[in-house]
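Each of the two complexes below includes chain A, the first together with chain B, the second together with chain C.
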Partner chain A sequence: MSDVYEALQKIVGEDYVSNRAEERYFYGRDPGLMPPHEPDYVVMPKTTEEVQEIIKLANREKVPVTPKGGGLALTGLVIPLKGGIVMDMKRMDRILEVNEKARYVVVEAGVTHGALKSYLQKHHPHLRHSIPDSPPIATIVANAVIHGQGRLSQQHGFNSDMVSGLEVVLPTGELCRIGSCSVSSYWFSKGAPLPDLSGLFLGWFGTTGIITKLGMKLYPCKKIRDVMLFLTDKVDLVPEVIRKLAHTEMVEDIVVTAQPIPLRFKGNFYILPFITGDLEEEIEFKKKMAWQALMVYFESRDGGFVSVTPDMKPSLLAMPSKDTTRFADVSKGGGFEYSGPIAPIDKYPAYLEKLEELASKYKLFYSSAARVIDGGHSMMFSFSYTFNRANPDEMKRAKVALDEAAEFALEEDGVIWKPNINEQQMVMERMDPNTLMLMKKVKQLLDPNGIMNPGNWEVK
Partner chain B sequence: MPLPELKFDKTKCAECKAISCLVKCQYMDFKDKDKAKKEWQKVINGEDSSVLEACTTCYACEEYCPFGNHPFYLIVERQEEKGILPAPRPIITMWINQCQPVGRFMVGKVEEKALSYCFMPQLNALVGGKLFENIAHSSFFGQEFFCNVVYLHYAKMSVIKDRLPKVIDNITRLGVKEVICLHDECYGSFTSLAPAYGIEVPFKPIHYYEFLYNRLKELEDEIKPLNVKAAYQRNCSARLSPQMDHFVDDIFGLIGVERVKREYDRENALCCAEIIRMAKGPAMADDLQKKNIDDMVKFGAKYCVFNCPACYDSLAEKVAKAGIDPIHMIDLCRLALGEERGQKLPLEGMPALQATMEDR
Partner chain C sequence: MQQKDYASQIHRCFRCGYCKFPTDYSSFNCPSYRRFRFDSYSTGGRLWLIYAWLKGEIEWSEHFAEILYTCTTCKNCTEQCPMKFAPDIVDWIVGARSDMVEKGKIPPRVARFFEAVYGYGNPFKQLRSDRAAWANGTKKYAAGDEYLLYVGCLGSYDENGQKMARSLVDILNASGISFGILGEEEECCGNEIYMLGETGLFQNLVEKNCQKFKELGVRKIVTLSPHAYNTMKNNYPAFGGSFELCHYTQLLNDLIEKNKIKPSRAKAKVTYHDPCFLGRYNNIYDEPRQILQSIPGIELVEMERNRRDAFCCGGGSGNFVTDLLAGSADSPARVRAREAYETGADTLAVACPSCLTMLTDAVKAEDLDDKLAVKDISQILEELLSAK
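Now for the complex of A and B:
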């Protein structure tokens, strides 16, 4: 194996490869609850060519490779289950192109959401991208690979739906372009009008190749952004409230939160429609439409809009939201994880009931933030539990609760988002056999030696 | 322990010819005194009345009643008895929950005279400078000291009756003899609500207007008259202590501010309307706010002076967009002493609108 280390040194330089214990410790885990497993090497390439060389080496030597962005998925997707190489993409941090008129950006694999937000604000203030509510060090590529959602997902779907092209190093080392960029110098489409090959890589957690560049659609950054706050205490009304708000087509983002503390949250569901516009009149009109859509609940006194005071707005409008980080330390000790099934919005009441039941059963503090996706076609519902990292018993209870939540989500017709390896098996057990066979063929075709993030999406 | 009961004297209403509680109401149409008398009698008798549904909970009838017979408190009692929800139920729940004492209060180096921040974090930005130099350290804040008056808006007198005696006890146990109420509602709760329910208040409540006036008198040599016109935004709880309104004129007189004689001031004041927005919907609230702000503009006010931080939150941005500088009374006094204001302007980051304000 020392040959591999030396070969990696030759590719990236001695400063960017390590097999030291401290680095293997760090890269052997993520902030979630999955058990750690250390890699043999950590490598940080700077260029696509270096990525190709590393992959060719790994394929030749049959050494596993696990690509890593921010490492924030929490479900162990970047834990090198079979050792080998962790490829940290953070040095590939260039924003390569912003096309103002076609409204897309091309980034390298290590560019973070925070960096892109900052760059756009400075250089292209009338454009924005869909920022997820993860910490700003989350990378754009990894977020797309796990089908993340962001602040524009209500209007435009999963962040992966907003991808406009890919550059991928295949598991056998070839470099491949996907989408319009495969025949044109523009990165305006990941598929249409060509056969859409992006599906060979998005959602696969790096098991079919390493994305080195990604095109992402940008959207108008309106001058004014505001938020409304609708409360109801009837869980059964939540799906219809969401449907009615989405129906207005006036709302950029819809988030539903439920948690028992602080006490102001207790007993209510907080539904937050976010509104944007270039004119005050536009904002007022959109707010009026939202009010009108929900007037029936106001009249029945089952729900109503609360005035959002100036002190509330900075926190509610922050992108990304800092509430997740605050929530992570409720139990003190800074731990939290969530299972986030993607499901039809009418499943909200059943999921909420299960969230509370599991919290009570395992004596955990809970929270849920559901995000509406693509006009209400689905939502991401989070079963979130906090734990103290210095309390192994609490961590164990949180893990069991999340496992049960995932099982329940599947039983209730949801699909687990960014599933850990155990959840992937649960999903595949329920999957149509021919679909499963197709996945297996795709994987075998692209990664004949099974070196890419082994253990994930592994069809038995 | 039984909850305290409202001291309401129905014989006073029987003798009343004016029925000012309803006739003067700005939100209900009771110009016909006979009709008003009949409707009010229904409220007294505990019968169904349109008043209970239509009330915007502006508190003004507490001021209008010449007998101090607490018509508004009776309305709130009746609303609760009948299960009427002046606002959507979840909003009421939120308010009840968020102000519940949870043992996370803050107490400074409290002396016999102390400042009450109630449960209004906005007040923290205001307290500073020479006005408070000898007392800022002696203060307390938190749900444990929250006056609970807000529940008048939500037909939850039972919550007030349950919590207010405990709040008074909490303050008393601090050893405080005089409480300067930085929140107008606190003063109303101790000097109007508590007596109306026979709840003893062992300390002396002092309205912060009185405190400001006395401090300004002490600092009179340092005052630089502002020489400006200002519109005054009276708040709902000011109706619980109308005897304090003269301090607005007195303070303005000391610092060179002209209180514009606009339509919607003093007894005819319009509320900030955010409670109305939650309770009655946006159309009525928008209409009221427009009338109110147009009135300020019409009379050439440079400043809109607020008593209540909640009114400031509701109206400041809208007032600023109309070219008027929103300012809390404490900040106005600080300006007159040559100090910086403590509260941020609502339009920071909106330079075009700030320029509009500065032009006036």
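Now for the complex of A and C:
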């Protein structure tokens, strides 16, 4: 194995490869609750050519390769289950192109959401991308690979739906372009009008290749952004409130939050429609439409809009949301994880009931921030539990609660988002057998030596 | 001081990575992460590794110690961390270093730093008798002087620091205020010793300094270095050493406002680098800029990362001697030198002897020394008083 280390040094330079205990420790775990497993090497390529060389080496030596961006999925997707190489992509950090008129950006694999946000604000202030609530170190590519969601997902779907082209190093080392960029110099489409091959890579957690460049659609950055707050204590009304808001086609983003503390939050559901516009009149009109859509609940006294005070707005409007991260320290324990099923919006009440039931059963602090996706075709519901890293018993209880939540979510016809390896098996057990067979064939065809992030989406 | 509590709190880091960034997320603002790029060198990495060490999940190694000591304690993480414990992060790192020092497990370069201060009273192993070699007859502090000018180790022994000290002395003489230095009686301030975790030696230095200051009847101290200013202002009071402290930029700004010094016209485009121990530690951002803006003919331009987002030169926590972040175009000082050059400025102004040395060397390494002059504010001002 020392030959592999030396070969990696030759490819990326000695400063950017490590087999030392400290890097192996850190890269062998993520902030969630999945058990750790250490890599043999951590390597940080700078170029696509270096990625290709590493993959060719890994094939020759039959060494597993796990690509890593920000490492914030929380479900162990970048834990190298079979050791080998963790490839930290963050040195590939160039923003290569912004096409103002066709509204897309082409980035290298290590560009973070924070860096792209900053770059667009400075150089293209009338354009924006869909920023997730995860911390700014999350990379554009990794977030797309896990079908992440962001602030524009209510309008435009999963962040992976916004991909407009890929450059991929296949598991056998060949370089491949996907979408319009395979034919043209423009990165405007990941598929149409060609056969859409992006599905061979998006959602596969790096098991079918390493994305080295990605085109991402950009959207108008309106001058004004505001948030409203609809409050109800009737969980059964939440799906219909969402449907009515989505029906207006006036809102950028819809988030539903539920948590037991502070006490005023308990038993209440906060539905947050985010509004954008270039004119105050536009904002007022959109707010009026939202008001009108939900007037019936005001009249029946089942709910109503409450004022968002100026001190609340900065944190509600922040992108990314620091409050989401702060949840990890609510009980001064440094940990939280969530199971996030993607499900029809009418499942909200059942999931919420289960969230509270599991919190009570396992004595955990909970929260849920659900996000509406693609005009209400689905939503991401989060079963979020905090845990204290210094309390192994609480960590164990949180893990059991999350496992039960995932099981329940599947029973209730949801599909688990960014599932851990156990949840992947649960999903595949329920999957149509021919779909499963197709996945197996795709994997075998693309990765004949099974070196790419092994253990994930592994069809038994 | 939260050092002693660190072991019971350090598990609270979620390793979210906010600590790597400036406020606008435009680049990486943690000097050691920017230099090495392994997540283990970020604040989150460091805290997770310390916790692993406390739990016995990793063994001490020289590499682990280097990861800990490449932190320049610049406090960018404290500014950016979204958690309630953010103000305690540097204390946690210093606490872990203290434990390493107690166990005798520190990098050789850090050990040599301590040995030098133990043996010579400065980290350069220079003779105490040479401590005032720069001073060129500068008057020693005597009862009745308004200010004690505390020069510090860099001002006393480092070539760039000495130039800075001489400039400041010339300006103070020109202003007419009464001041004096301690000369060969001056001790190391201990700021770096504290940050490196040698609490016993730090206490010893503080006690010696406080005793000396009290014996001489010192009430007001002006420091050349932000590092000395920081520790004397924030750490000394806990040991009974409460003096009226100011950094020299505060004093010079005051003297300019009172018309006691009046710089002549210059012609320069200047960008200013905020020292961490002046800015993030003590919230002194305006006075150095006000001095520069008071000089007719100087155009002040800002680097992209400034004030609380300023990128550290890499010299903090003794790294101006231990140099654990050197050896690369990604070394913080070189990154900062390029950033300064990109502003179009012809002069990079600093207000700290450590920054002066780090950035002077970096500008040379970047082959920019004929395009970008690195000068301390005292030097800029002194040249203009001379011109007058």
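Observations on the structure shown:
The rule is short, and it goes like this: the second predicted complex is superposed on the first by the 460 of 460 C-alpha atoms of A that agree within 3 Å, B and C clash if a C-alpha of one lies under 4 Å from a C-alpha of the other, contacts with A are read in each partner's own complex, and residues count from 1 in each chain.
What we mean here is this: contacts are C-beta pairs under 8 Å (C-beta built on N, C-alpha and C of every residue); 3 or more make two chains touch, one makes a residue touch a chain.
Keep in mind it's a predicted model, so treat the numbers as computed, not measured.
Aligning the shared chain A places chain B and chain C next to each other free of steric conflict. Touch criterion met: A:Asn268 reaches chain B, while chain C stays clear of it. In the superposition on chain A, contact is made by A:Asn388 with chain C only, not with chain B. Annotation for chain A, partner touching more residues between chain B and chain C: C. Rounded to the nearest 10, the angle at the Cα centre of chain A between chain B and chain C in the chain-A superposition is 70°.
In the superposed model, A:Gly199 lies in contact with neither chain B nor chain C.
Judged by the touch definition given at the top, the superposed model places A:Gly114 against chain C, while chain B stays out of reach.
Applying the stated contact rule after C-alpha superposition, one finds that A:Thr309 touches chain B and leaves chain C untouched. In the superposition on chain A, A:Gly375 makes contact with neither chain B nor chain C.
Once both structures are overlaid on their shared chain A, chain B and chain C have a minimum Cα-Cα separation of 16 Å. Listed in rising order, the residues of chain C touching chain A in the complex are 8-9, 11-18, 20-21, 24-27, 36-40, 45, 48-49, 51-52, 57-59, 61, 63-64, 67, 82-85, 328. Considering their complex, residues 15-16, 18, 20-23, 25-27, 31, 42, 44, 70-72, 88, 90-91, 112-115, 117-119, 121-122, 135-137, 322, 325-326, 328-329, 332-336, 388-390 of chain A touch chain C.
Residue ranges on chain A touching chain B, taken from their complex, read 231-233, 262-269, 280, 287-288, 291, 295, 297-298, 301-307, 309-311. In the complex of the two chains, the chain B residues touching chain A come out as 85, 87-91, 93-94, 97-98, 100, 102, 121-122, 274, 277-278, 281-282, 310, 313-314, 316-317, 321, 346.
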